[in-house]
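Note that the chains take the letters A, B, C and D in the order they are written out, and that residue 1 is the start of every chain.
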Amino acid sequence: MIETGYTADEMMTVAASRALTSDDVCFVGIGAPSAACNIARLTHAPDITLIYESGTIGTAPDVLPLSIGDGELCDTALSTVSTPEMFRYWLQGGRITIGFLGAAQLDRFGNINTTVIGDYRKPATRLPGGGGAPEIASSSRQVYITMKQSTRGMVEKVDFITSFGHGEGGDHRQRLGVTTKGPALLITDLAIWKPHPDTKEFTVVSMHPGVTQADVQASCGWTVRFADTITTTPAPTELELTTFRDLKARTKAAHAGTKRTGEAV
Amino acid sequence: MAAFRPLGEAVRANLNNGDVVAFEGFTHLIPHAAAHEAIRQRFTDLTLVRMTPDIIYDQMIGMGMARKLIFSYAGNPGVGLLRRFRDSVENGWPHSVELEEHSHAAMANAYEAGAAGLPCAIFRGYLGAELAKVNKNIKGITCPFTGEELAAVPALRPDVTFIHAQKADRKGNVLIEGITGIQKEAVLAAKRAVVTVEEKVGELDTHPNACVLPHWTLDAVCVVPGGAHPSYASGYYARDNAAYLDWDRIAADRDGFLAWMKTNVLGSSPKAFAGRVADLRGKA
Amino acid sequence: MAAFRPLGEAVRANLNNGDVVAFEGFTHLIPHAAAHEAIRQRFTDLTLVRMTPDIIYDQMIGMGMARKLIFSYAGNPGVGLLRRFRDSVENGWPHSVELEEHSHAAMANAYEAGAAGLPCAIFRGYLGAELAKVNKNIKGITCPFTGEELAAVPALRPDVTFIHAQKADRKGNVLIEGITGIQKEAVLAAKRAVVTVEEKVGELDTHPNACVLPHWTLDAVCVVPGGAHPSYASGYYARDNAAYLDWDRIAADRDGFLAWMKTNVLGSSPKAFAGRVADLRGKA
Amino acid sequence: MIETGYTADEMMTVAASRALTSDDVCFVGIGAPSAACNIARLTHAPDITLIYESGTIGTAPDVLPLSIGDGELCDTALSTVSTPEMFRYWLQGGRITIGFLGAAQLDRFGNINTTVIGDYRKPATRLPGGGGAPEIASSSRQVYITMKQSTRGMVEKVDFITSFGHGEGGDHRQRLGVTTKGPALLITDLAIWKPHPDTKEFTVVSMHPGVTQADVQASCGWTVRFADTITTTPAPTELELTTFRDLKARTKAAHAGTKRTGEAV
C-alpha cells in the first residue's frame, strides 16, 4: 500500500465513523462497529458516548477491545453498571440513539442472522447467537449496520431472523408495534446504503472511490437497488487514516504485550 | 452462611449430577478454576446456564457433562466460534445438547427475576425475532394498563451458581468490582452459591455502593489466586489473550481436545492457576 | 444535555403548572432548595410524586400547589405526622388533594419500570392489604408459566424529576453516594431532570460501580451548596434534626405556617442554603 | 427510678431483643424495633444482620438512627443498595428472616393499620401510610411486632388493613397464597404474645414481672386469650439495661450535637 492509499476495510470503517456525532449515545458491537465508533470519538465526535453491553457507559479506550468486556473499557468509562441495568435502563429505557451492529447474514430489509446457517434444529453451521442484538435492533432509536460485502453474507433471505430489521419491508415494524426507526444505514466495504423511504429496501446512495455498480452487485446476493443519484464517498482523510492506523498499532502493541503462559487456557 | 473451604470440597458439597448450574461471568472474572474442578469431579447430566458460554462450557460440553444449555451468546470472546459446542450441535459429538436459547436482555431479566424471587420476568423484547418461535419459554403477557403486549420468560433459579470475585473479608463477604455483569443476580437467584476469590482480606475497604455479596448469601468461599485465568481479574491480572487464540486451535480437533483436557484439567489442580497468571500481574 | 444553570432558571425552564413532578430523596439528599424555588415560582395543579413525602411536600400542599399526591409514606422523618398534609386530607385546607397511595415496594418497582421504559411493573405485593381496594392503579397479572397471581402497577413517568446530589464534573455528570434511594430511577424515568449539587469538580474520581448519572440524562445541573438542608449530604454536612422538630411546631398552625413560608421561602433564595449548613459541616 | 429498676419501655425493648439471634437477617422498622435489634447486636447476637429499608445492609450504628435513612446507617453498613434492589432482591427475594414492625393499630390476628383512623376517604386522623410494611409483612419469613399496649392501639378490628397479618385467623394467609409465616411474636410493654397454632389469635404466653392478667386486659381492646401456662418474663439483666441506656445516652449526645441553625428547616 502506498502512503496515500487505503484498504477497503479502512474505507468502510472510516465511512461508518462519519455517520456518528458528538450527540450520539451509541451501543457498540465488537469489531468494525467498535473501530468506527472510536475513530469518530478521536476525530470529529469527541463527545460521543460509547456504551458496550458489558455495562461500560461513556468509555474511551486507548486501544480497541478484543471483547466487549475488556478491562480497558471499564477503566476508561464514566460508570460501569450491571447487565440487567444495562439492558433495562439504558437500552430498553430508550437512551440509545444508535445501535451499531455487524452481521453474519443480512437481507435487503436489514434483517440480521447471527444464529445458524441452515435449519435451526439441524444447522450446517452453528453461529454464536443473538447476544444483545435482538433488543439492540428493536430498542435503539435507529440501527447502523456495517459488514464486508459477500454473496454468502448478503442474501436474498436470511436463514434465521436473529434481529428484526424492516421484516418484509414497508410498515412491517409498525405493524408489529415496534416504535423505533430500525436499520437506517448500511456501510459496507464498497458502498453506503440507506433504506428506501417507502419499501425500506436498502438502496445504494454512495459508492466508495473506484467502486462500480457491477462491483457492488457482484458481491451481493440480492438484486441491488441503486438510488437515482449516487455520490462518491469521500476518500479517508489523512487524519482519519492516521487515527485508525495509530489505534490499530496501539491495539496490536497492547495485546502483544499480554505474554503467553503456554500451560493452560 | 459462607465458610472458607478448599475448592474441591466446595464443588463436591454443592454440585450434583443433574443440577441446573450457572458458572457466570461476562468476559471479566470467568470462574475457570471452579469449572475445571467440576470437570475433574466428572459431573454429568448438567443443565448449564450462562449468558455468554465460552471456553469453560465448550470444555464441559466436549467432556459430555451437559444435558442442556440455557444461553444467549456462545462464542470464544474476541476469537470466534466455539468448536466443541459446534461439534455437539452440528454432529452430536459426544452427544447432542438440548438448547434453550434467549437474547441477552431475556437472560439478564430472567436472572434478575430469579434474584427478586419472582416466577417470571417481563420486558420489551423479541419483537420480530425468530427465537420466540423456537423457544417455548418465551411467551407474551399483556400490560393491564396500556394493553401493550410484552415478552415474558421464566425466572432463572439455578440449583447452584459459581462465580469468581476479587476478594472476601474474614467473614466471607465478597467484593466484585469493575465489570460486574450478571454475577450478583446469578448468585442471589440460585439455591446455593460458591465463590472463588483472588484473596482473603481483613476488610473489604470499598465504596459504600460497591457490589458486595454478604456472607450469608453464599454457601462457600474458596481462595483460588488466578482462578479466573485466562480471563482477567480487574486489579489483579490481565486477560491472557493468547490462551483464547490457542483454544481455537486446541478445540478444533476431538483427540487434541481430549489430550489437552487430560493434561491441563484432569491432571491439574486449583493450585495451578496462580502460576498461570504470574506473568499477567501488574497488567490488569 | 446538561447545562449548568442558576436554579431559578432551571426550575422555570423545566416545570409547568399541571405537571407530574417528583422531588425525590430518601431521608438523605432531599432537594429542599429546588422545592423552595418551585414554591417561590408559585406553580399550581401539580401531581406530586414521592415515596416519602416529608417537609417539602407538606409545604407545597400547604401552599395549595398540589392537585394530587402519589406516595407510599407521608411523614416527618423521626418526628411524626405531616400537619399540612393532614389538614388537607382531614379538613380540606387549603383544598383537598387526590391521593394515589401505594406501598414502598410498589413505588420502587414503578419508578424502576419507568426508568426501564416499561408501561408497568410486576411484583409480589399487596397480599391481603387494603390499599389494593382503594387504589384502582393496583391490578393483578398472572404469570404465564406458573399461574401465580402477581400485583401490577403502572410505571411512574414524571414530566420532571428534581433531585439533589453530591457533585457534578465539568461536563455535568453527577455522582450520588451513600443512601442513593430511588433517585437514579426517578431521574431516568422522567421526561426531564434537574439536579442540584453541592459542588462542581474537575473529575468525579470515584469507584467504577458508583451511582453516576451521565450528563446527557439531565436537563440542568445547578450548584446549590447546602441545597439539601435540613436533610443531609453525606460527606458534606449532617442532618439538622432540630429543624425537623421545629417543623412539627411551625406546621401545627395555618397562620404560623404561612408566616414562616413568607419569611423563609418566599422571601429567600437558593443562596441562603449555604449559610444554613455552615454549622453542620464536618459532621456528615 | 432506683438503680436496679427499669421502665416498662425498657422491659419491652429488652424482651424484644431476646427474640433475635446471630443468624437472623432482620428488616428493621424505626423506633422500638430499631432499639431492640441494636441491643441484640450489642449483647447476645453480635452477628445479626440488620437491614433498614433505606438500602443499608449489615449496618451497625453506634447510636440509634432518628430515621431509617440516617447517615450513620450507611457509614457503618457492609453495603448500601438502591431502593428497588432493596425491595426486589432482599425483601421479595426471601432473604429476610424477620420483619420487625411497629403498629398504630393492631388486632388480635396481627393485622396492622398505619394508614388512617376512621374511614379511608374521610379519615379522623390521616396516618403516614404503609411505607415498606405491606410487603415486609408478606415477604419476611416471619414477622415480629412490638408496641405499647393501649385500648386505642390494640383494637377489635383495625380501621384499615395496611399490613396483612393472619387476616381473619386460621389458614387465611395460605388461602390468599401467602407462603410466609406471618406474625409470630408480639412484644408489648406488659407481655409476650404468640399466635395460637390453629386460630392464629395472639395469646399471652409470658407476662413481664409484676404485671397481672387484669393489667393486660385493661389496656387491650379485645378480649385477651391467655395461654394455659404463662411464664414470667425474666427482668432485664444488668448487661441488657446498661447496653440500652448507654445506647440511648450516646444517641442523645449525638443528636444534641446537631446544632440548631434556627433560620429555616
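In this section, a contact is a pair of C-beta atoms (placed from the backbone, for glycine too) under 8 Å apart; a residue touches a chain by one contact, two chains touch by 3 or more.
This structure is a prediction, so every number in the text was calculated from the model and none was measured.
Chemist: Would you mind telling me which chain pair, B-D or A-B, is linked by more contacting C-beta pairs?
Modeler: More contacting C-beta pairs are found at A-B.
Chemist: From the C-alpha centre of subunit A to that of subunit C, how far is it in Å?
Modeler: 40
Chemist: How many angstrom between the C-alpha centroids of subunit B and subunit A?
Modeler: The computed centroid separation for subunit A versus subunit B comes out at 27 Å.
Chemist: Show the residues in subunit B shared as contacts by 2 or more other chains, in ascending order.
Modeler: Only 112, 116-118, 123-124, 148, 178, 180, 184-185, 208-211 qualify.
Chemist: For subunit D, jot down the residues that touch at least 2 other chains.
Modeler: Each of 74-75, 80, 88, 92, 139 in subunit D touches at least two other chains.
Chemist: Please give all chain pairs that are in touch with each other.
Modeler: A-B, A-C, B-C, B-D, C-D
Chemist: Taking the touch rule as given, give the residues of subunit C at its contact with subunit B in the complex, in rising order.
Modeler: Within the complex, subunit C contacts subunit B at residues 116-120, 122-124, 137, 139-141, 143-146, 148, 150, 152, 154, 177-178, 180, 206-211.
Chemist: In their shared complex, at which residues does subunit D touch subunit B?
Modeler: 23, 25, 49, 57-58, 74-75, 77-81, 88-89, 92-95, 139
Chemist: Report the residues of subunit D in contact with subunit C in the complex, numbered from low to high.
Modeler: For subunit D paired with subunit C, touching residues are 30, 53-56, 65-71, 73-75, 80, 82-84, 86-88, 91-92, 115, 120-121, 123-135, 137-139, 160-164, 167, 172-173, 176-178, 255, 257-261, 263-265.
Chemist: Per the contact definition, I'd like the list of subunit C residues that touch subunit D in the complex.
Modeler: Per the touch definition, subunit C meets subunit D at residues 26-28, 51-52, 55, 71-75, 77-78, 81-82, 85-86, 89-90, 101, 103-105, 108-109, 111-112, 123-131, 134, 148-149, 178-182, 184-185, 211, 229-230, 232, 234, 238-244, 246-247, 250, 264-265, 268, 272, 275-280, 283-284.
Chemist: What does subunit C use to touch subunit A in their complex?
Modeler: Residues of subunit C touching subunit A: 1, 112, 115-118, 173, 184-185, 188, 204, 208-210, 212, 214, 216-217.
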